[in-house]
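In the two complexes that follow, chain A is the common piece, with chain B as its partner first and chain C second.
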Partner chain A sequence: MSEDFSPNPKKWLAIGVVGLTISFVGFFVDTQLAVWSYLIGLIFITSIAVGMLFLVMIHHIFDAEWSVIVRRQAEHYISALPYMGFLFIPLFIITYMGKDQGILWLWMNQDAPLHGHGTVSTDILYQKKTWWLSETFFWARAFFCFAVWTYFARAFRKNSFTQDQDGSPNHTFSSRKHAAAGLILVALTWTSAAFDWIMGLEYHWFSTMFGVWIFASAMRAALSVMLLTCAFLVAKGPLKGILNTKHLHDVATLAFAFTVFWAYISFSQYFLIWNANIPEETFWFNDREKGIWWPISMILIFGYFLFPFLYMLQFPLKTNFKSMTFMATWVLGLNLLDVFFNVLPSLKDSHGEPFQLFSSFHNIIWYISGVAGAGGVLLWAYWSSFLKTKIIPIRDPRIRDCLNHNH
Partner chain B sequence: MGSSNPILDEVKPAILKEVDPVDIPRPALVENNRSFSWITDKICGIVEEKTPTWWWVCFIIACAGASFTVMGLVYLVATGTGVWGLANPANWGWAIVNFVFWIGIGHAGTLISAILCLLRQKWRTSINRAAEAMTIFAVVCAGIFPVFHVGRVWMAWFLFPIPNANAIWPNFRSALLWDVFAVSTYGTVSVLFWYVGLIPDLASVRDRAKNKIRQVLYGIFAMGWRGSNRQWSNYEMCYLLLAGLSTPLVLSVHTIVSFDFAISLLPGWHTTIFPPYFVAGAIFSGFGMVLTLMLPLRAIYRLEDLITQYHIDCMTKIILATGTMVGYAYGMEFFIAAYGANDFEIFAFVNRAFGNYAWAYWIMISCNVISPQFFWFKKIRENTALVWIITIFVNIGMWFERFVIAVTTLTRDFVPSSWGYYSPTIIDIFTYLGTFGLFSVLFLLFLRFLPLMAMAEIKVVTPQADPHNH
Partner chain C sequence: MANQHGIIAKFDTPAGIMHAAEKVRDAGYKNWDVITPFPIHGMDPAMGIKRSLVGRFTIVGGTIGLTTGMLMIWFTGASELSLPYMDGYKLIVGGKPYFSPQFAFPVSYELTILFSAFASIGGMFILNKLPRHHHPVLKYKDVAASSDDKFFLYIQNEDPQFDGEKTRSFLKNLGPVEVGELEE
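So, the complex of A and B:
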């Protein structure tokens, strides 16, 4: 590691704390939007961490060699998963123990009025869904999700970091076994999280594809963060002379593949609902065509799919740190917009119309604080872990192949 | 940032001195340190040897089998589609089931060639040729069913948007028409991909030919291949481009096949997860069929050094992974049916699992979700006989999946008075079983006349091809 590079995790913790504090203030000033923004930030940052967990598992299950040094960075990011669990506690307090139970997930408030047809408790759809939409069960599921993710994150980190010390091949074997089981369990828990945290915001709506969609979304977010991390660490020195353009090209190609995959999943979901044209499904997309959500959906099609697709088709751009830094920033920004697109229109104004992104200028304060709070914690966790370990897994069985990567 | 190649302008970082990898060697892709000439002799030998007796026995049986399809189709054309067991509301029966079954089988070949090529999975080299051949033959078998389901088969060309005297255009909003485009594109690109891969190996067979006719015929198909540097570099680029083109096709074909069902409004069919779920199922069944074919060939031709235990491990693990994904999709369908709280949807799924066709549903679950779980165990993966038996279950299970989807929904439509029990006729059964004969005839001819494995590609992944250990 170069001498003059000394990251300061506390700086990021400070940003996180400031973000959380502003969100906390927002809770008293602009309660509903502050809580929704907080949820958006939390989902966005958690999806990055879960995506990183998927990357680690995919690496192990394929016994890949090119990604060994990249995997080490993902191992730092997944250390944030338990903290994300802690950041869910305020939502637990507000919705489970507080008075404003329906503030986020409307179904949690039995007395919440539904536009045009009674209250939640008299809603036939709610009555038929109570077996799943139960608050205790909901929070038990959330707890279970974080328990699973934390368990696997710890297992992979422990195996990898211990191997740096003792050089035992058993850690690799253990990680492979964990990856096989983890892929199944994390896929299921991440699906359940998507159903609960996002789909459940509009509990009338349902789509079997939603779990696959959130997987694609998490992978795109994580790969963008990975590209930024790689470019940053090469520029600042720690990975200079270690991570070369071939590695960058591979991460970028993976990001390209998931660009297409995301488009495939999102298109299929939209197309099948649009084509069938059943009101009980289409209303979700109809809400997302109202007001500002219409131009945003166009931005998602052209900016979040088409532009990155055409951009990353090009070999010279995929092998250039600067151009990939731009693209990763772009994709990450639009990934956040996609989370907004999926979450925020489920919040309804007093007329039952979807909430508009910029209904008031100061909304943006809560948006930023929501993302900064969780994001600061993520980067704090990353840098804290980064400082404690070797920059690359020096005893990994495939490390030499990875360093000589020249396909 | 800045520099595009940090390695050149940087002294080696200190951490690199500490690098000391643990030794977990990768399994060899060609065992027993076989030489290049051994590989050529082995693969070309299969084409050059005198036709073995077992081949003739199999070929005659396969021809006899295929004749059932021929007779079934002749009878159908002469009489009408009524000879199949289709009856309102079950207007789709075995024909669509068989079509989707064979198209699904046809996915492994291009997946192995294209996607695994892009993923740099070198083990694909031993199996890609045979899998691609299988793909093409499966598409041929698949095509029979929709074409003959048209009834007046001489009018099947109306499916293409060809301007004609009556100005009749196909319905562009029908997924069945998209199938025409998707499947014909897929078939064309698969043949092209397969043929491009064959060229260097055809040249090898040509160069070893002992008689003039053989030399000329293989020579024509080898297109004057001389193995020059320039030819190889063009070839590699062409192959990579075809791999890139084929990759979306692998996904698109079965996506569109899934649309045949999913764009309808029927409970059990209209669900958003269908596209990736069908693709996963197709890869699952395709790999099942690859192993079903390759394991006996491996034993007959003593190919253990080329199709190693590692290859079998990889394929069984893909079957395990895709089988589990299919299981995930089954789970999601049920979950959303319950969560969506639509009575018709709930009924469709309860009916699947506990209704008239519950037997088919549970065959499907046992074969597709439970049977691949045995591949978690190394002992089972190493027992070729058991692996082969499980792949047979996979094939059976995937046929039943399509049967369950098509038939349970159709026989329980929105008008209970029209509910019934769909059964195939003897013509259905023979026409379908005959396609296995047709498939086998084509595959046996392939074995006899074309190199079974991509020799040139296998040589690249041998240890000898990489003397400096890069």
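So, the complex of A and C:
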């Protein structure tokens, strides 16, 4: 490791705290938007951490050799999952301490007027869903999600870091078993989180593909962060000469694969709704064609799918740290835009029209603070864990194959 | 003796043939190849082989497939073009527009994959100069061992640098188990 490389986790914690403080102030200034922006930031950052958890599990279930040194970085990121659980608590408090219980999830306020017909409690579409959309069950599910993620994150981290000390292959076997169970449980909990936290914002709407769509999103976000992390660590020294272009190519290929997967799911969901043409389903997309959301949906098709697809088809670009740094930054930015696209139009004004992204210039303050709050915590967790452990899993049974990785 | 095709050398180990390949590459030979029972990692750079061009064929095939699908559905549903034996007329299906990329997409996408696959296989045949039913190396006496535990390297006499005795002693210096003649 080069001597001038000394990451400071506290710097990131400071950024996180500043972001959270601004969000907190926003709660009193511009209550609704500040809370929604906070939710967006939390979902975006949690999806990165959950995507990293998936990467660790995929590594173990396939007994992969190329990704051993990459996995260590993911193990640092998943240490943020319990903190994301803490950051979820304010949403509970806001729901029950604020003026409007339906500030985020409209259905939680039984008396909320619906645009054009009655209130939530008299709405047949709500009545048929009460078994799932019950407040106790909702918060219990959220708790269960974070409990599952935290449990698996801790198990994989413990196995991997203990193996650094004693070199026993039993930790690898233990991780493999955890991965088998974890892939199922995390897939179910992440689906439930997508249904509850994002789709539940507009409880009239339903799409069974929504969970897997958000899974694809999470993987794209996590792989972009992974590419940036690898490029950074190689440029700064710690992984220089350890992580080579072969490893980069493999991570980039995964990012490419999930680009196609995201497009496939995204299109399938849109196509089924477009083709069936049922008002209960189409209104969700109609809202996202109003105002600025129309150009944004075009940006998502051409900028978030087509451009990365054509870019990452090319072998020379996938094996170059600089070009992948650019692509990862691009994809991560549009991934955040995709979260906005999913969440924000569900917020309605008094005429029942979707909220517009830049309805007022100062909106951007809450957007930035929402993402910076959770993002600062994520990077603080990453660097804290980074400093405490070995840079690569030196006693992993596959480490030699990984370092000599060749195609 | 029949016409000479080239000179062949037999090696015992993957490492042996890999180092030999690097030396043949550095000596500047062009028309030569190695025959091994299994893929050896790193052999491509050792032989100085560039990345395959099959991908170029694939992207062309894929683009043609996508265009074909879109045009086909546009023609059958939205055009009034008259082609030989085929007259286009407008067709309403399920209350949808005459043409929309949405419903043309699944078919176009399948054709993209189909044409990409055809182009890849076709491109592979063209680049490998297939089909080819016989190769002179098959005449060599124990070439069958190349599917078991022996490794072969041969240089063709068409190579601009090929010079009977010099090439033979060059190959001998690479540490093979034996060096032999290949007949045409």
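Simple rule for what comes next: the second predicted complex is superposed on the first by the 403 of 407 C-alpha atoms of A that agree within 3 Å, B and C clash if a C-alpha of one lies under 4 Å from a C-alpha of the other, contacts with A are read in each partner's own complex, and residues count from 1 in each chain.
Keep this in mind: contacts are C-beta pairs under 8 Å (C-beta built on N, C-alpha and C of every residue); 3 or more make two chains touch, one makes a residue touch a chain.
Every value quoted in this text rests on a predicted model; they were computed, and no experiment measured them.
In the model built by aligning both structures on chain A, chain B clashes with chain C. By the touch criterion defined above, A:42 lies against neither chain B nor chain C after alignment on the C-alpha atoms of chain A.
Of the two partner chains placed by superposition, only chain C is touched by A:315; chain B is not. In the superposition on chain A, the chain among chain B and chain C reaching more residues of chain A is B. Contact with chain B, but none with chain C, is seen for A:242 once the two complexes are overlaid on the shared chain.
Look at A:231: by the touch rule set out above, it reaches chain B but stays clear of chain C.
Looking at the shared chain after the overlay, A:209 reaches chain B, while chain C stays out of its contact range. Once the two complexes are laid over each other on the shared chain, residue contacts for A:275 go to chain B and to chain C alike. Of the two partner chains, neither chain B nor chain C is touched by A:153. For the contact definition in use here, the residues of chain A common to its chain B contact set and its chain C contact set are 275, 406-407. Residues 1, 62-63, 124-125, 128-129, 131-132, 163, 167-169, 172, 180, 184, 187-188, 191, 195, 206-212, 231, 234-235, 240-245, 260, 264-265, 268-269, 272-273, 275-276, 278, 280, 319-322, 325, 390-392, 394-400, 403-404, 406-407 of chain A are the ones touching chain B in the complex. Interface residues of chain A facing chain C in the complex, by the touch rule stated above, are 267, 270-271, 274-275, 277, 313, 315, 406-407.
Note for the complex: chain C touches chain A at residues 41-42, 51, 55, 59, 94-96, 102-103, 105-106. Listing the residues of chain B that touch chain A in their complex gives 1-7, 10-13, 15-16, 18-24, 26, 119-120, 248, 251, 255, 259, 262-265, 270-276, 324, 328-329, 332-333, 335-336, 338-342, 376, 470.
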